[in-house]
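Consider the two complexes below, in which chain A is the common component and chain B and chain C are the respective partners.
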Partner chain A sequence: MGEEKVEARVDFMKYALFLGCLIPQRIPSVELAARKLFERLGVEVLDLSGYSCCPDPVVARLADRRMSLALSARNLSLAEQLGLDIITLCNGCYETLWEANEAMKQESGLREEVNGLLSEVGRKYEGTVNVKHIVEILYEDIGISRIKEIAKPLTFRAAVHPGCHLFREADGGDIWRKPGMLTELVQATGADVVSCKLDRMCCGFPMMQVNEEAALKERLHLKLRCYEELMVDGIITACPMCILQFETGQISLRKYGLKYNFPCLHIVELLALAVGVPTNELKLEFHRSPISQLIEKMGV
Partner chain B sequence: MTDLAVDEILEGLTREVKARVIYSRERRAVVEIEPRSIRKAVEILSNKGRFMMLAAVDEGLDIELLYNFDVDGTVVVLRAVIAKETSEIDSISDLMPAAEWAERETAELFGVRFKAHPRPAPLLLPEGWSGSPPLRGPFEGELPAKICPVAESLISVGTTAPLSPHMQRKRDEAGLPASPPASYASEEALRELQELMKRVAFDKKAGYDWERKKLRRG
Partner chain C sequence: MKAAHQKVLIYDPERCTGCGYCEIACAFQHYGTLDPAKSHIHISLDERVARFEATNCRHCEEPVCLASCPEEAITKSDESGWVKINPMKCIGCRSCILACPLSCPWFDEEHRVSAKCDFCDGDPVCAKYCSPGALRVVSRAEAEEFNRRMYAIEGDRSGRG
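And now, the complex of A and B:
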């Protein structure tokens, strides 16, 4: 990202927070960290009351595109009602809502059809909302310099796993734009980010439904082996699905005689630690990987 | 029979058994009825038409029954869709004797039970047949089985998985609201969401049973 870095915009920032399904239900420490981080950075968030699943970018869209678009548009209309842009903490939610938003903005026939459905429940989506991933908010709206200003340096070797959906861009866009932001955000904490040849590869989460053994042995294991060779202390990602795969996947790999023990954190958890949120306030015990080992290494 | 006469039959079916005319054109009309109305519908037709044939189609979760009648040169089809879980409908053999063999054939090949059939004996299959009805497929809808749990959860609570009481407790202990402000935390939001599911007919596609709040299972 280097020269194109966007500088801090520390004026009033307010967004609608879209929590999605996985974070509140499986890793609430990410929700907790995000709320505490926003507070420290002076970002105001309003919850999207009555939101539904984004819905799921793989299963729901394949199952029924009209249903998927109707649910996404309803979620977008909730943010429009608040007059706010949406923040997502999940790559999957980002992709689903972003794509639905673009489709609603650009395809007038589709917008009419979906609004016809929404009107049955008294809603309408005009297309005024922007959907932003948390790394875009942190990098573009808050800025690396603001984060560095308040972050205390952490010392550890980090592997950055962007996750597949973070690479999605509009046609012709730079697919490394958001992954690059994520890497710089991790570096802003003082972490030594190592480059792994398999950074672009999927963690295997979506494959688990289809072929669990292949997802674990031909995706997750290959990445973890690479991290082991690079003597990584912890994995940082921007996606709760990837966290689940890294954490529960390491446990599942043991049945194949493959033992790994890498801690894995979401970027908001890492930044919350870096800006001084006490460890015990983050409830990191929701994780299923050895986070305390990483905390010790970081010197928090 | 004139078009006017066919119109009268369709009007009678609509009025008496709340039939829905799917289409009506020259010499052919298809009418959808509730399975429980089959005898009443046949009674309306009985003094004007003759039974021609009964066709069955396995639709995965349901069986479609198409009763074809000749009404003086116009084919009138009564369409009744029965749930595979029960697979039963009243017999019309006493009203239309020509339907007796057609019902027996459908019973054997698709596993449909025609209630109060006068002679429910096998017709086509070899004596001692112990296999399942040969034209009856597995109980499965349009969605692949692996997607079904997600579809069920999306329709019933609006998320990919319900929030467990254990996690609600853990969230509360962590200082978070026990439940996030999601659709499942608001009756109004959930109602709105479920209405959308019905509007896009995803409930039908997934085979959702609104009474049991679950996907139908065979």
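And now, the complex of A and C:
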């Protein structure tokens, strides 16, 4: 792909940024990194003023499908008002909004019913927005070649954890489509991506809410043990829920005598470092894992 | 209904992430709780080969759980083919749990009766909330074809043919 064509594509990249709940409240460094990365890549993002929780991709839908759809459709309508597609930085937000969007586009009866609820708050969703995960934007819209052009090679052994909701595709779709993009994006920074036999396995975040011991010992511990055997320097994921589980879960595992201390970063944080955003501007101290140890290893 | 057309679940271990949402969704749908112990489906991991497996009711053509029930509390619908337990008739003898080769029915201590998958009346929540699509609803004919293919590959891998 020629440079001129790349620049032409970059010029009109504009999206609505959906931050969800976890990033602003628990890991704001991910938002900061995303904004600085977008700036370097020539991507313009507008905030969704007045957005709510996406909501939760499973429990909220189970508890009250209409309520869940109304909340999602209201968020989608905010992007529709701006005439922009939505970017999510979270796997959970992605699945919720993607699924709601498909339902609103395909089921006209349901759309009418949900729009009936939205009319009470003066909103309507017509179904014109596309919901995209950040890895799709980086891989498909910006492209690996553009990222490689401005990235400085980093040296570390990375484990790539896609997270369950990143596997969500339309019926019969290739579940490795987006996780494959994530792996290539990590490799684009020069990282040596190792392959663990439990790469697909859940980090245990959803199970933490109902059976903490099983979530920690039968999911998180097994993954971390695999990473330890592979001498991984850091874990890269595309989901704030997974980051929270890796970081706080490692601390919780200590009560079972299991000690791990892996740094964990979101893909936008890794790419922000790779394209030269100074570490002190990223506020990585919001993390709960030894990020400085990873930074040192990377040679940033 | 012809057996081949009956809707059943298939489970693809190559897609499963072990997130447990199927168990959480099932427990919530049937008992209003998020406790996976109250789920009719269970996912287990064989650590040696890093592979998940599901234990869920197949809604058999000739259910042995039904045959073992002394109180006719278990029925198989002629219309849908789904096998259900009537908790008002169940005496809690646990015969069905012993008879099922997978022990899919389980003993609900709270209500003192056996419980099992009721296929959510055609729209199973376990499949609906499975992000990677490891659980899907298909016809029994499609399920048999899928399982034949999957276990043939497994046989090749293990050398058992």
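Basically, the second predicted complex is superposed on the first by the 290 of 300 C-alpha atoms of A that agree within 3 Å, B and C clash if a C-alpha of one lies under 4 Å from a C-alpha of the other, contacts with A are read in each partner's own complex, and residues count from 1 in each chain.
Definition applied: a residue touches a chain if its C-beta (ideal position, glycine included) is under 8 Å from a C-beta of that chain, and two chains touch if they have at least 3 such contacts.
For clarity, every value in this text was computed on a predicted model and none was experimentally measured.
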Looking at the overlay, does A:209 come into contact with chain B only (first), chain C only (second), both, or neither?
both
Using the touch criterion from the header, give the chain among chain B and chain C with more contacted residues in chain A.
B
Of the two partner chains, chain B (first) and chain C (second), which one does A:51 touch, if any: first, second, both, or neither?
first
Contacts of A:195 with chain B and chain C, given as first, second, both or neither:
neither
With both complexes overlaid on chain A, does A:280 touch chain B (first), chain C (second), both or neither?
neither
Looking at the overlay, what does A:59 touch: chain B (first), chain C (second), both, or neither?
both
Once chain A of both complexes is superposed, is A:108 in touch with chain B (first), chain C (second), both, or neither?
neither
Taking the superposition as given, does A:19 touch the first partner, chain B, the second, chain C, both, or neither?
first
Is A:74 contacted by the first partner chain B, the second partner chain C, both or neither?
first
Residue overlap on chain A between the chain B interface and the chain C interface 59, 62-63, 209-210
Can you list the residues on chain C that touch chain A in the complex?
15-21, 24-25, 28-29, 34-36, 45, 47, 50, 125, 129, 131-133
Touching residues on chain A, where the partner in the complex is chain B:
19, 21-22, 24-26, 28-29, 31-32, 47-53, 55-56, 59-60, 62-64, 66-67, 70-71, 74, 117-118, 120-123, 209-210, 283, 286
Using the touch definition up top, name the residues of chain A that touch chain C in the complex.
57-59, 61-63, 95, 164-165, 167-169, 171-173, 175, 197-198, 200-202, 206-207, 209-211, 218-219, 222
Note: in the complex, chain B contacts chain A through residues 143, 146-147, 150-151, 154, 158-161, 163-164, 167, 170-171, 174-176, 179-183, 185-186, 188-189, 192-193, 195-197, 199-200, 202, 205-206
